[in-house]
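Letters A, B and C name the chains as they come in the text, with residue numbers starting at 1 for each one.
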Amino acid sequence: MHEGAQGYIHFAKSREAFWSSFAERLRSARAAPGSLTFDGLEALAVDYRRILQDHALARARFPGSALGRRLEALAVEATHLLFAEDPKERFSLRRFFADLFPAAMRAHAPHMALCAVLFVCSIAMAFSASTIQPSIGTQILGPEAITNLERGELWTESISRVVPASVSSSAIATNNMSVAITAWVGGVLFGLGSIFVVLNNGFLLGAVFATTTRFGMSGDLFEFIGAHGPLELTLILVSAGHGLAMGHALLAPHDRSRQAAAGAAARRAMTGLVGILPWFLVLGVVEGFVSPSETVDPEVKVALGAALLASFLLVAFRPIARGEAS
Amino acid sequence: MNITSGLTLGQIFNRAMELFRREFARPALSILLPLALVSGLLSAAMTAVQTQLATNPGLILVFFGALILAGVIGVVGYGALAHMAVGLAAGRETAPADSWRAGLRFRAWGTLMLQGLGVGVGLIFCLLPGMYFGLVWAMALPVVFEEPTFAHSAALSRSHELSRFNPAGGLGNDPRFRIFLIFVVTLATTYLLMGLAQLPLIVAVAVETARSIADGRRDGQFSSFVQWLQVPTSIVTSFIQAAMTLLGNLGTAVVYFDIRGRQEAKDLDSAIDALDAGRNA
Amino acid sequence: MSDLRPETLLGLDNVEVRLPIAPFPLRILASLLDYLIFGILVTAIMVFGVWGVISTGARSPWFIAVFILGYFVLEYGYFVGLEIAMGGQTPGKRVFGLRVTTRLGGQASKGAILVRNAFRSLDMAVGVPFMIWHPLAQRIGDRLASTLVLETAGHTKEAIVRRVPQHWGSKEIAVAEEFLRRSGSMEPARARGLAERLLDSIGRDSPGFLGPVTERDPVERLRHELGVTDA
């Protein structure tokens, strides 16, 4: 082996053609990944090992040299191209809704149940508090809505008269999705964010029910939310439950680091969040067009609400076809 | 060899961040905290004036006293921060006491005030001249601390000259553009961190509002607790502002030494000297 | 074995590779550029919505509905969609030479990109201190998705020498290469002076190494004598 500067020159001269060819093949593979054949990929993988060895040699024997820096840059580029984290199987919607989503739902059922309990408690508490202290409902709904209630009219009716159904439908869908995402993301604050969203929604619902009950309008409110309410609230609880699972992993990581445990939980929980988002679009249409409609019978609205909830639960908790999906 | 010049934008930021992380503890208590506390004092005086002026008219004098103190310590303290940043970027062990002394020198605070005045006047004339002056004079304090110039205006001229040094051409290599990006990053980071620092105050206001709703009150008045909570919030936000100023100063100092290195290349000179000496030994 | 730093990756055969972690300020700049593009896109769909409403004589509210949905899709989909489509980059990241990778420098999965971007809003509020103080500049989303943001190669040109005097060692090579890399951005007179010093030094210690003077510029001559190629 040549030593010192002559070793450097010999090293550079003897390997230059190989490094240039490797760099060129990397560039082509990055520009058009589809054009990479199996043989080409195999050759890149074998040559990657040689690049790493050359880099180690340059780093040890010629520290601070331009060659060392160039080989390091090549090694980093090749590492990115050759090490892909995506699973070998292509993403399939069918597999997602047949296996992955139901598996995530089952895995997070205890957390969703806890959210449901908290939600009911929050409704009960807010209902009691607002019955004793009516100003709570007044502050939440605003004086205009109270004036409407005094006239025997829900505030939703005046809104639906002014805002076209298509607009309210898209606004409702996107707002609900934002709430669900917030409930999910809030889980990373040791579950506190998810719990806050659950309690807050429960509180608002309880206070609104107490206020409408005070004005003898609770039946109208039930009729209004009959079509969309059951599924909407379920979806919020599902997203909060998945968020809570992340918080749980942070609090009790068991034999892993908190970061690793929360990271794994976040990936599992992401499946749940992605699985519920499309349902909000359906709900947006129902809430924008069906719920405020006076031509649809209350019984039909309630039946639609029950059917939507049942459909979601059937999809979410369907038996997993191909073993345990991870 | 240790690369200190001919840096890319990423290398400039890397070097500034590395210095900031490694050396943050050094100015934290001795420069950043006093600056923050003075700001807190001003905020406390302001809250006292707002809440108790009717019963104690003498508070107005306390407020103006705090204002003058905050102004003086602010100017000297920001000069000290610039001195600390220049020393760290040069690879020197810089004691906070030396930085305070440097900030007290007329050359430092005089240049800082002249620079502020120029930028302020420039901002009055449709913002852009002020922004441009801010960019081309950004290296005035590194010049004051590193080069034997005596007149304040000479430091500004020298900074202007350095800021135009770009033999390689290209926007990415232009010192003015690099300083502009450092300024943008510092500003954006300051706002993001200040938002975080104000979260406790926002939560307190939200809780207070919820409680007033539950009590059936509609007066919109906040308790004295919430009003006084502004004082620690002001201390924390001032600390963040000063810390981000240090980060910006570090970036500017790295750019300054990068330009000096490209003009003078003393590191390469010494490296060639060392090689010659090694062979002759 | 040398000390392993957080950004050092142990590759095949335990070869150490230092991952070029993107400094936090570059990431802020890339984000600002992306939010600028985001703002332009939002403005575009808003103009589309307003145009639609005006052109139909306010008879079709569907344009507003499309704007609301479009805004939502952009808000949550801009970073996710582009990072997936552009191999871990967005337009802002591409301009500043950044790329999202796995913790081991590989291509991040779609799931990882979804997770890191789901926490973007939270990171806007509380993620900055994490990025400043963490040696890998990971925000909360990066930690949970186990991703890094690296600087991409190719933005610095290296000058590699191909011919050196007999007596030179690795230190001399490092100095010469560093000088030639920087010479383009140096004060021209200073660069010429340093090149002359290096040429003198070579001429003194290896008299037969230098050929006849053909270039007038000493920097060019040094490049020629050392057989420099840019990589």
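In this section, a contact is a pair of C-beta atoms (placed from the backbone, for glycine too) under 8 Å apart; a residue touches a chain by one contact, two chains touch by 3 or more.
Here the structure is a predicted model, which means the values were calculated and not measured.
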item: Most distant chain from chain B by Cα centroid; value: A
item: Chain with minimal offset from the mean of all protein Cα atoms; value: C
item: Centre-of-Cα separation between chain C and chain B, whole angstrom; value: 26
item: Chain A and chain B, separation of their C-alpha mean positions in angstrom; value: 39
item: Contacts with two or more other chains, residues of chain C listed in rising order; value: 20, 156, 167, 172, 174, 178, 181
item: Chain A, residues touching no fewer than two other chains; value: 64
item: Where chain B touches two or more other chains, by residue; value: 1
item: In the complex, chain A residues that touch chain C; value: 4-6, 8-9, 12-13, 30, 48-49, 52-53, 55-56, 59, 61-67, 69-70, 72-77, 79-87, 91, 164, 166-167, 169-171, 173-174, 177-178, 181-182, 184-185, 188-189, 246, 259, 262-263, 266-267, 270, 273-274
item: Interface residues, chain C side, partner chain A - complex; value: 9, 11-13, 15-20, 61-62, 64-66, 68-69, 71-72, 76, 87-88, 99, 101-102, 104-112, 114-115, 118-119, 121-122, 140, 143-146, 150, 152-154, 156, 158-170, 172-174, 177-178, 181, 231
item: Chain B partner contacts - residues on chain C that touch it in the complex; value: 20, 22-26, 28-29, 32, 96-97, 124-126, 128-129, 132-133, 135, 151, 155-156, 167, 171-172, 174-175, 178-179, 181-182, 184-188, 190-191, 194, 197-198, 201, 205
item: Residues of chain B that touch chain C when the two form their complex; value: 1, 3, 5-6, 8-10, 13-14, 16-17, 20-21, 165, 167-168, 173, 181-182, 184-185, 188-189, 192-193, 195-196, 199, 251, 262-265, 268-269, 271-272, 275-276, 278-279
